[in-house]
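Some structures to go through are shown next.
Each of the next two complexes has chain A plus one other chain: chain B in the first, chain C in the second.
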Partner chain A sequence: MDMKATKKKLGMKERYRVLTRDLGWEPGYQSKEAIFPYVRYEGIKVHDWDKWEDPFRLTMDAYWKYQAEKERKFYAIIDAHAQNNGHLNLTDARYLSALKIFLQAISPGEYAAHKGFARIGREFPGVGTQVACQMQAIDEIRHAQTQIHAMSNYNRYYDGFHAFADARDRIWYTSVARSFFDDAMSAGPFEFMIAIGFSFEYVLTNLLFVPFMSGAAYNGDMATVTFGFSAQSDEARHMTLGLECIKFMLEQDPDNLPIVQGWIDKWFWRGFRVLGLVSTMMDYMLPKRVMSWREAWEIYGVENGGALFRDLARYGIRPPKGWDDAEQAIDHMSHQFMLGLYQWSFGTAFHSWIPSDDDMAWLSAKYPDTFDRHYRPRWAHIKKLKAAGTPFKNYGLARLCQCCQLPCVFTEPGDPTLTCHRETVYKGEKYQFCSDGCKDIFEHEPEKYIQAWLPMPALFSELGGDVAAWMDWVNLRDGADNGDYDGSRDQKHFDEWRGLATSNL
Partner chain B sequence: MQIDLRTVSIQPQRNAFDHLVRRFGDKPASRYQEGSYDIQAAENLHYRPTWDPDQQLYDAGITRIAMRDWYALKDPRQFYYSTYTLTRARQQDTTEANFAFVESRGLADRLAPELREAVLRLLVPLRHAAWGANQNNTFVCGYGFGTAFTQPCMYHAMDNLGIAQYLSRLGMMLGDVEALDAGKAAWLDGPAWQPLRRYVEDCMVVRDPFELFVAQNAALDGLLYPLVYARIVDDELSARGASAVAMLTQFMAEWFDETRKWVDAVLKTAAAESDHNREVLQGWMAHWSDRAAAALVPVVELVLGVDADEAVAVQIAAFKARIHKTGISF
Partner chain C sequence: MSTVFIALQANEETRPIIDAIEIDNPQAVVNRQPAMVKIDAPGRLVVRRETIEEQLGRAYDLQELQINLITLSGNVDEDEDTLTLSWNE
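Here is the complex of A and B:
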């Protein structure tokens, strides 16, 4: 018998089915309920896991091959970057503040996503879904590691990077990102998927990654550009997974719609608040700017997001509830954040600064309706105080939002002269919020959010309000990691080293 | 002659991240150290899991094993994502070449029918066991504590999936999709496979990550891989004329030799930590390896027939000797 002649040639889809989905089986010795205990309590109904469409058909042999190629390139470039003092090609060391925030707040989020996807890669009962989630789990640890490795060389020369692991758990502003990822991981598998796989990866990741990586490229940071490019094809897979998963939930049962809509409302707002830090980076922290936050929002928020929600409308999904409030905040948030960061810069492991005259001219041009009217006068005042030798420092502690954990520095939708502040009483305790969006999220799940670890109250309860002791505890080196960039060690070193590299003095 | 190129020399301000200096001293850190130590959130976790409010988000207390420092469970291969992927990509090149070699020379078609049957009967249902291993290692990664311990479990899980896929390709090469269907039917209903399937399913409800690590990676795979790939494929079947099959399973044999060093290192460190740990590990090891051995006898019989008991007995002795070196006697 000629075996070759009888062998069937399988199509791509069928071959992938055989190599993945067909590996699973209906358990007979243990119940499905015992093997997958967390898949029902959120109320999402799935009738047929086989209806899941594989978003990409990657088998392990191909995965190893493609990823290894990318790894080889990535490490070759960052090795060369380190060896050739690539950091001296930066436009200015001010730029590093953006990287410091990234390493302290976002890279730990990549790790959390790794753990979370490993968990749901086991907890979802469908093989196709599991494999896709597992691949994202291993990708996410890749991203955490490539980011740490890319920034490791900056740590050897600049302040503010050295204590990222301590900052992740203890410093006040990282709890914004930490609470976001902790919130997702403490949710059930379906909500986790909406939070990270859909809202973060699909709706918001472009707002984080594209401006960030373009900002790196514009400012001569080859190390960051390289991890950005290297992660891009992974991100494309993750976005496809997020979208597939939401469609799957919506197609499985009409009862899923209100649950999914609630999660989209919640996670859009949570994500929007976390990404607020990106607005400041784009408008203030890049010495050479790519585009304004407003411009990025138009492209990646309004256009892309708009198209996405038009596409999902056929399932009955409407745009997230906080969308209009977000739109109103766009022209204000970067300024409000940077003013906040500057006044509390004694407590940040990165530098902030007063924008130069050129910077302010750019901000006026990009924010014609808001900057000159509301924010330039404040910067002018702060500049005057600095010139008089009495720089503006706010040693009072910020009131943090119980939900997003940002200081309540935002203004009312519709009235940029009035600080937005909401509160609610739950079981006799009063809780504070920065916005209606955050208050709504709390009121939907108060038992969850009353558990939040809030760094400011902790400073009082654990350290008696002693700021020096707090700095030791968060491993912040006063006079090096924190404060104004103007006059900092980073500034002095960068100028000195760049002088060595570019002149004969 | 060595020529030193002159570059601008500037003085680094520090050698490594603080958490690595605290662990390893004030010197440059390796990429394994940077990518593995203390990168899991450790303090001030915000919310309890809604899926199990008795647990913390990262909870060392969900296993009976207790470690003062979970990062002591380091991987002797020092795998982080990059070194892991590069290693597997190289092995994948070899495996691909082996598959191509067997295919291009029609070696699979030349197997005697009864030999081909034996190979399919034994190896194809194991793709489901490998999928079970993937589930279990994904679990250990997801719920285990500390990156040093959990990161290799993710790599292991993906390896398990890769092995399940290699076995599927082998099955298709030797017997088309029908062979996979027959293999699945045997896994679901064939009497020889039921003890093993029960073992795998029972593992899927173990929610102590370290116990699951022992049950899957030490007890089951510690017996299964040497029995199937060394004793049966490399020795028995090759001697009977199926050395082509050994080419197709070369990855599994080499993978087992590599990964057992990691498994042993984890066991050894955990056992050396305390008498309590050693006792717990001894109990688990005795329980799960007894069950694994019993589950494997009918599988081994599929090829070795009456010699199965002896083959399993020999392997149990070898396995015990291996595990004794980690400080665990059972």
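Here is the complex of A and C:
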């Protein structure tokens, strides 16, 4: 009987060593210090880069194989969506506002993350870290591309999708996400890792992608579910990289602890403010909702974030400084920000609306302590003004926070009737903030944040306060892209086309 | 005790994987949400290749999980036979 000789296969740990560690080399004619100049200037001490290991032990060959499979699945569904009038199978075209915000604010963030990871993959000396950063850099550009591609089908039929790149750079609410990523990209490699790999990926993206994508499924948006879950399958790896990197820093040297803790405090609060946008998407913009912002926070913030910080306590890490203020804000932030978006809807490249009676009943059930008391009366008043033919428009421009760039619409921790406002003077100039968290961040690095480009002051300094000229500049078509959903072209088209799709008249 | 979790897309490929996770982790709670399944477990959750292969009826590489993985929580440790999620407290 012939014996078939089986070629001995490498085990996963062995394969990881051969295809990762063994790709590195010792430099001969240049010093390591000259090759990796940025790795020391943040003060983080690393004694042994080989201690860093990817717990998934994913090697580049396996990476390409699985990513190709994800792309095949993604395009099969995107094609089906475009071929089968997917844009008419939504619960309602109001849903598209959430997608427009996603495209204008979040997808460009994916691209920024790509640039950041490409850079730090070069700046970190460890081979394991370099390979993981390279994979993440490729993931992030894939996310930007697949998201833009998936949403391009909506651009053929609806307003507000056509100029997302201009919106990203120039509109006020998108500058919140932009400044977050610009801040991270202009930091050193370790801080970037905490900002994106740890705070954004591990602590916050679950809140953005998981319940929201499940919500897209509920609202008949096959295209978004597909890009969302396809992206999120990479996020599991990114979160793990972020967590491993933080443990690596803390295990390498006890002197790293205060630096890391400072970054956790800063980036938790920066990320939490970006999530202000997401809270309105979840509580107000999904016609059919999976869970409230508060419920999502309980699962992914309180429970999961709590577990994470209990785990890291063994290194001396405590929960982020803004944790308690965040908890206090959860029952208010979506309402406060949505009221802001509605009153400034002339300046948004998406539609907002007054919640229906059913929506308000849902909101009051989900927010029993806050909605009826603080926010229903304001919506009722706005509804009355609209019925009287004098809809509420706030043409006064918002005061923006110098750090997170959100309008200062949030209230004091502990007093939801008082607007929170902080200011500080630096080199003779006064700066405004939405919260203690943002003011603290500014005061730690004032030279960085005084350079921030803020959309509202820029409207005056660059365009003399001319709102029509500003709309041209940001590529926002007045009367089409902006304003109330009620009476919009999106509403008219969706109703007409859906009628055509379901009848023969 | 802190909860670890793993969330997978709800599809034909993951059905036997979810069954296998339930077999190996009797303490786990399976939450079925639109388009996804989230499996929570107190402190620790183990995904075993052999159990998946029994449920699936074919050889399985644990790294195939990457394709349908949505998110997870806990410290990860993976080799050819198991993927373990755990919190240290």
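Here is the rule we go by: the second predicted complex is superposed on the first by the 492 of 505 C-alpha atoms of A that agree within 3 Å, B and C clash if a C-alpha of one lies under 4 Å from a C-alpha of the other, contacts with A are read in each partner's own complex, and residues count from 1 in each chain.
In this text, a contact is a pair of C-beta atoms (placed from the backbone, for glycine too) under 8 Å apart; a residue touches a chain by one contact, two chains touch by 3 or more.
None of these values were measured; they are calculated from a predicted model.
Annotation for the three-chain superposition on chain A: chain B and chain C fit side by side.
Of the two partner chains placed by the overlay, only chain B lies in contact with A:G188; chain C stays clear of it. When the two structures are aligned on the shared chain, A:N206 is found in touch with chain C, with no touch to chain B. In the superposed model, A:L397 makes contact with neither chain B nor chain C. Taking Cα centres throughout, chain A sits at the apex of an angle toward chain B and chain C that amounts to 80 degrees, reported as a multiple of 10.
Contacts of A:Y157 after superposition on the shared chain: chain B is touched, whereas chain C is not.
Touched residues of chain A were counted for both chain B and chain C, and B has more of them.
By the touch criterion defined above, A:R57 reaches chain C but does not reach chain B.
For the pair chain B and chain C, the minimum alpha-carbon spacing after aligning on chain A is 14 Å.
Looking at chain A, you'll find residues 69 touch chain B in one structure and chain C in the other. Contacts from chain C toward chain A in the complex involve residues 2-5, 7, 9, 33-36, 63-64, 66-80, 87-89.
On chain B, the positions that touch chain A within their shared complex are 7-8, 10, 12-19, 29, 31, 34-35, 38-52, 57-58, 80-82, 85-86, 88-90, 92, 95-96, 106, 108-109, 127-128, 130-131, 134-135, 138-139, 141-143, 147, 150-151, 154-155, 157-159, 161-162, 164-165, 168-169, 172, 176-177, 180, 184, 187-188, 197-198, 201-202, 204-205. The residues of chain A lying in touch with chain C in their complex are 11-13, 55-58, 62, 66, 69-70, 73, 205-206, 209-210, 213-215, 217-218, 225, 229, 232-233, 235-237, 239-240, 243, 290, 303-304, 306-308, 310-311, 314. Here chain A touches chain B in the complex through residues 2-4, 6-8, 10, 18-20, 22-30, 34-35, 37-38, 41, 59-61, 63-65, 67-69, 71-72, 74-75, 84-85, 88, 108, 111-112, 114-115, 118-119, 121-122, 127, 130-131, 134-135, 137-138, 141-142, 144-146, 148-149, 152, 155-159, 161-166, 168-170, 175, 178-179, 182-183, 185-189, 448-449, 451-453, 455, 458, 475, 493, 497, 500-501, going by the rule given at the top.
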